[in-house]
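Across the two complexes that follow, chain A remains constant while its partner is chain B and subsequently chain C.
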Partner chain A sequence: MNTPQSSPPPRRSPEQLSGDPAVSDSLDFAGHEFARASLDHCVKCTICETVCPVSAVTPLFSGPKFVGPQAERFRNGESVDHSLDYCSSCGACTLACPQGVQIAELNSQARAVMKADHMPVRDRLISQTTLMGTMMTPVAPLANAVLANKPIRTVVEKVFGVHRDAPMPPAQTQTIQGWLKKRGPRKTPATRGPIVFFHGCAGGYFEVETSKRSIEVLEHLGYEVLVPKQGCCGLAQQSNGLFDQATDAVLKLCDDLRAAGELTIVSSSGSCTGMLKHEAHEIMGVDDERLKDVATRIRDMMEFLLEVADAGELPELSPIEMTVPYHAPCQLKSQGMGMPALDVLRLIPGLTVVESGATCCGIAGTYGLKKEKYEIAQAVGKPLFEMVRDTNPDLALCDTETCRWQIRKGSGVPTEHPVFLIHQALGLS
Partner chain B sequence: MIGAGVAGLTAALRLARAGLNVTLLTKGVGGLQLSQGTVDVLGYSPTDPATRVANPLAAVAELAVADPKHPYAVIGVDAVRTGLAFLHEELGEQLLVGDPETNQLFPTAVGAIRPTCLAQPSMLAGICMDGARFAIVGLRRLKDFHAELIAGNLARTPLPDGGHVSARHLTIDVPARPREVDSSGLTYARAFDDPEFRARFAAELRPELRPEETVGLPAVLGLKDPTAWSHLADLLDHPVFEIPLPPPSVPGMRLNNALMAAARAAGVRVINGSFVDTPVHSGGRLVSVNVETAGAPRTITGDVFVLATGGFESGALTLDSYGEVTERVLGLPLAGLDAAPLLHGDYWGGEQPLFRVGVAVDPSMRVTSPDGSAVPDNLWAAGGILAGAVRWTEKSGEGIAVGSAVKAADAIVEELA
Partner chain C sequence: MRKLAVDVVVIGGGSTGVGVVRDVAMRGYSAVLLERADLAQGTSGRFHGLLHSGGRYVVSDPGSATECAEENVIVTRIHADAVEPTGGYFVTAPGDDPEFADKFLAGAAATGVPAREISVAEALRNEPRLNPGILRAVEVQDGTVDGWQMTWGAARSAMEYGAKVLTYHKVTKIDRADGRVSAVHCVDLKDGEDVRIECTFVLNCAGPWAGQVAAMADCHPVDVIPGRGIMIAMNHRLVNRVINRLIYPADGDILVPVHTVSIIGTTDVKVENPDDLAIEPVEVQEMLDAGEILIPGFRKSRALHAWAGARPLIKDSRVSSSDTRHMSRGMAVIDHHERDGLDGMLTIGGGKLTTYRLMAEHIVDEMCRKLGETRACRTASEIVPGSENQKNYVVTHRLHDREEDRLEDQIICECELMSRQMFVKAWDDQPQATFDDIRRQLRLGMGPCQGGFCSMRATGVALETKHIDIERATGLLRLFLKNRWIGLWPILYGDQVRQTALDNWIFNGTLDIDHLPAPEEEVKL
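Up next is the complex of A and B:
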């Protein structure tokens, strides 16, 4: 997306991928030539500066124009500007830039280089999302108790640098795969053929209810929903600069998803979808036909529903008399597809959806968990939390998991995926 | 609607108000945010560039006759009037005041005086009139506002009626936030949204002011709170005005944010951040364009399309090293290419004919072909993409944009009825 003046980004060849040599070699490439070429398109209009949620709340970060295209001119390996680490990679700058400068991508790449030889253990650990889910699910009550325990969290903060008050996912007693195995056969006939559902790790282990309802909505529309066994997209590793691990993860996931056949892939995990659609390619320079294939076929759940609605094929929605705040996560907006959830929700009679107007909730993946970033992330989220509380203290809607945890924690308002209301309006709950 | 500058936003909003389904496509934030936050209709006569225009609408009517190639010749003065009234109504008195029949003179960030007809209420006390007494106040940590330069230039510039303003400068230091020595105008604007900051600021400044002075400040007096500037004036017990800065332009952001919010609230579907290209035609009509959404392009279909993509400055037009000018979204044939040379080498010399190149339209703003080659018949255009004006020297950009936007929108409503 947003690649006006330039040829397509160079893609990483299979030879470059197989048995990547040293970390630094792969970072050298890292989709970087393309992003770097875009910096000459910067006309210093400052538009990106006006949308950055981080520089808005802290003088520690000098903003996208400086840290992105300006500092990049001086970089040759190690970054000249260490405030770079405060960039949350929310992508708002790239989206707003009318000249096509890959600002957020430049920042992510420079950060990976900067951290390459001194990666904090914390950043390696919190990016192991599948592992965290697998370990927590069987012991959910225990895991939840541990995560709610102040003294334990204080120790975790001291040792690992994960802030004691940072939002944590609620561990569930059942995974999505567990639910799929236990539930009986579907009640309505499949009239529309098969599609693939991608739940992501968060949707598999923590936000299981979102995955269930998405599957039920898709089945109600007549699809036969295939849920192949699937691993993690590697997004958390990518955003922490662990490009090699992330590349392995994302390609493994592409294999998993492709195993089901040449089908449309739908996901209710907005950020994982972004990783597959563009981040793995644009930030890490992964050049692989499997990724390209998946990127072309995958749809965000609400994007998919909007396509169904635009084709006139969405069944009638029953009224829901309610005013509800909706926050479009930065990683969803950065996909350059607008706000499909807003457009679909508007089709529900009686429902008033108020768009948050906030750029970012602050969490930006794992950014807001870190003890040195926690205050910033909370400050970024504050206007959003207030808006959510003022609009409806009982329900807020947001498409990605970590953002929901952040909004729930920050505002105290129960926050769900927009598919919840579609599920309800279709009479499924 | 392709483009989210003042033309695209105005047209999208007007179409949505008329009950049509509008999708707005843009590759980024539009030019309104970079503007001074005023509405320029005509500041200098294109036929006599040394002359400031006193009555913009009257001058537009004259220009329409004098220069048949100027966009105002096809837009016409009535559409400009309708467009300004529409914008005024949408933005409200808190954001836009003034009279389209009268240009006022406002100070700029280099202390020049600039004519415009609609401005923000926070700017009005700065109208340059004989006998005005200005105290221009700089902020130590805001580097884009040089109070001494502004005051010096204002004081020595004779006004059109021969009168003068008097102006002195002073600089105070109130940090927008702790431990920051170089703050942007936007950072200050966010601080001024906080009444407590305003009180602190006023407490520092008030003792420095002399009786009867009007206080000129950089245009950073609040981004979200439209009463920030008047509250500050109350606290200072002096009239206050804002002088627009180079970008990030806070007054420009106010207008841009307000129009974008209004468009969204009116049901406009907005797809931001994606380049638009790859038109598909069928039977003389434009059927769809592609947006370069992440992963793979998405096809956007429409009954009618409006091109509001701006000019060279927004990347809507490009000039390659062979001297070839291209309209980048649809590859339309362009008007104004007959001037030779398009570019002359005298940087400080006269106008560059290249800047008048653009798309040709008929009086309903429907795109026409200047060279006989085919153009789709369900395509309209508005704003900076129109051929025939040098908007930044004439100070005609917003007038052309809103006039053509409402004219195109109204023609489309009629066409689809």
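Up next is the complex of A and C:
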């Protein structure tokens, strides 16, 4: 993780910010403060440009150095450079910058300012993940049919700007809450005390299997897993520049997660974890004790398992004779914790894990769903799709939901969360 | 020797001289302007960038306040492309006397300077980096102005009216015949040729050098006391409005957002020689401290460049009342008739860049009076070339332009978003230019990397378009880097050290700039 050399300017109290209700706190923040101050560290070395997956495949995007520290000097609470929207917010540039410039954060903030007055309906819709999930679950077979139906998708593209071929979440017949209710209380006694499980919207509605297996693994380790009722982290809204809604959502979620008590929180939704850990604070300037509290207590599922393994408390894993490709999503990498999934998976005897080496799969949240970005996202993901197919046509591993949808769609290879193999190696499946 | 003959020779190509030659030409005289370097390379390019609202003078100098308020409106209109109407705040910093604000508001009302007290909360909301401890805030109509852009706009207007503008022409002597000015001698510094210009009138607008120029006509010395001031540009806009301390004018009390940077200034130290302006370390520290009072964390921000300019103050003890027309306290027109027995020459001093047009109007009025003619001044109503569309400058302009042409054009200076086409056009217009001449017009090398990346690209393009040969290329590049360095070393701390180290590795480590093919003598202009 890069540590910026200068501390952020002092934050203002809400009284100092209030006044014009049209200017929200988080949008207000977007015009200045921390990330903007970090542009001072840029020495123009161009290292960030060499890692940007988007500018590598299209001239339409001017690249992180241009859009970030350079363009920001010309912005005065206004973003006239509309092409900045091609930035997928993957965060690779921030991670690579040797000087600590918060490039991706600057871009996200500038985008929020730009979209403040003309947000496409599409960006509002696809960022409302909970809504989409709730609407689709009871009628899953129908929803799946609709999403697979080309003429209907064409209409969707025309009206909402979601590309007709874009990967879409597989709607499920059961939500995670439904499963929990149905399965009833656990059968074995908890030996290790309680922890909180945060499934995220995708893990609640679409990637239910990942949540189930994560809970089962945690229970197998002896934890009492609490799954409080929980809303959305607001990440999709944040990445679409809807800072107000995203701020409300993330704080509401913090309340939900804190309701269970001061416990460790574990999540198998890699991107949502990043939102809680750092993005809500660094990109939107949310400066709230509740968020700080949750941010320090939350662990990514594989990060948590690595801690357990490091403490020598992971039960023996049975062998899996297989070679499997693993892709660390950009939103996981930007959490600055390395690739814990790799370390944990490599404890499984017989398993050969090949790291993809790709910066980004192209989807970057909701980026690759949009019709004007679809081709770019496919081009970004191409080397990854090929690598996945070449390594194992039957299974790939990746920590975040939308990336799995993208890899499944792009490579045709079934793609699951790394916890699947841990689940298997523990004899649970 | 080349020879010319005109009605009027104007000496000095700063804002004043260019304003004067424009006015002279618009009133129908044939005129030539002589400038020893590039336009606005003297004080008019080394100033603070503030288009005064008049606020600064409402208590200390009411006459200047009113003039500034009036000229601010005019300059904003006729030089739309050079002026950004940012607006400004006067703020009472912690420890400043809050009652000064009452004197300020009363003064503003009396001098016709628009001013309105606003709540501290409103000021902080609009300028979130401002010191949250400020006690009062007054809003005024300060703007920011690009001195080069403004001066070139006025020069182009003068040329449209037939005036000749000769840069790199240094005046060496002024001839008199029968108690009248008869000709001006100068040397074309680019080719070394002498030029003699016959004329009926000379207007000495050499700013801090006005004393030296008057001496060339064998006049008694004009006492110009250059007042040196330093300024420091910070890497980005810490504020989007001009921020002034709400106190009696003092050092380091203004922060001005000009283009992409914000400039803190300034000091006032009497010096002997306007060609030798030091940037003293204690003054740098004084400015950073002053910035810290307005913007907490100022010292942690990145400083890019420092420079110094000299105020052209005239304190002439010889001047009798009939010889000087004190048009206002801020500016003076000296008639050399009674004082030095010389007709046909006037010298102007003092003033501000904001009031350059009014200064020109005064001195040209005086010239007409002496010639016994009445020709009306029209400079206030006519828009200069480049500002016809009446759109004021905004900081987003270049980002917007590059958004439009980024797929067709290359960017040469990334920091200041100067495109290849802009650069090539400027070379075509001024094939003998130095990179600093181009810089003044296009901001080449004025951003964070201070020429580290763009100067070699610019050199390559200039060479490729065959404007220069390989030796001159090296010479120009070295000259440019040397000049950048003058403004860099006084502020080398924090982020700029890293940049300078990287630039140094590039130029010495990779390019080995000291051993490239170069002319026998270093290029100076």
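The definition used in the following text is that the second predicted complex is superposed on the first by the 405 of 429 C-alpha atoms of A that agree within 3 Å, B and C clash if a C-alpha of one lies under 4 Å from a C-alpha of the other, contacts with A are read in each partner's own complex, and residues count from 1 in each chain.
The rule is simple: a residue touches a chain if its C-beta (ideal position, glycine included) is under 8 Å from a C-beta of that chain, and two chains touch if they have at least 3 such contacts.
Small disclaimer: the values here were computed from a predicted structure and weren't measured.
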{"item": "First (chain B), second (chain C), both or neither touched by A:335", "value": "first"}
{"item": "Partner chain in contact with A:59 - chain B first, chain C second, else both or neither", "value": "both"}
{"item": "Touching partner for A:366 - first (chain B), second (chain C), both, neither", "value": "neither"}
{"item": "Contacts of A:45 with chain B and chain C, given as first, second, both or neither", "value": "both"}
{"item": "Partner chain in contact with A:83 - chain B first, chain C second, else both or neither", "value": "second"}
{"item": "First (chain B), second (chain C), both or neither touched by A:72", "value": "second"}
{"item": "Partner chain(s) touched by A:36 [first = chain B, second = chain C, both, neither]", "value": "second"}
{"item": "Which superposed partner A:99 touches (first chain B, second chain C, both, neither)", "value": "both"}
{"item": "Doubly contacted residues of chain A, that is, touched by chain B and again by chain C", "value": "5, 45, 59, 99"}
{"item": "Chain A partner contacts - residues on chain B that touch it in the complex", "value": "26-30, 33-34, 177-180, 183-184, 186-187, 190, 247-248, 253, 261, 264, 267, 269-275, 291-296, 298, 314-315, 328"}
{"item": "Touch list for chain A against partner chain C, complex", "value": "5-7, 9-10, 12, 15-20, 23, 28, 31-33, 36-37, 39-45, 59-60, 62, 65-66, 69-78, 80-83, 99"}
{"item": "Footprint of chain B on chain A - complex, ascending", "value": "1-5, 45-47, 49-51, 56, 59, 63, 94-100, 274, 276-278, 295-296, 298, 333-339, 343, 346, 355, 357"}
{"item": "Residues on chain C engaged by chain A in the complex (per definition of touch)", "value": "121-122, 124-125, 128-129, 132, 235-237, 240, 260, 296-297, 300-302, 394-400, 402-403, 406-407, 411, 414-415, 417, 447-449, 452-453, 494-495, 498-499, 502"}
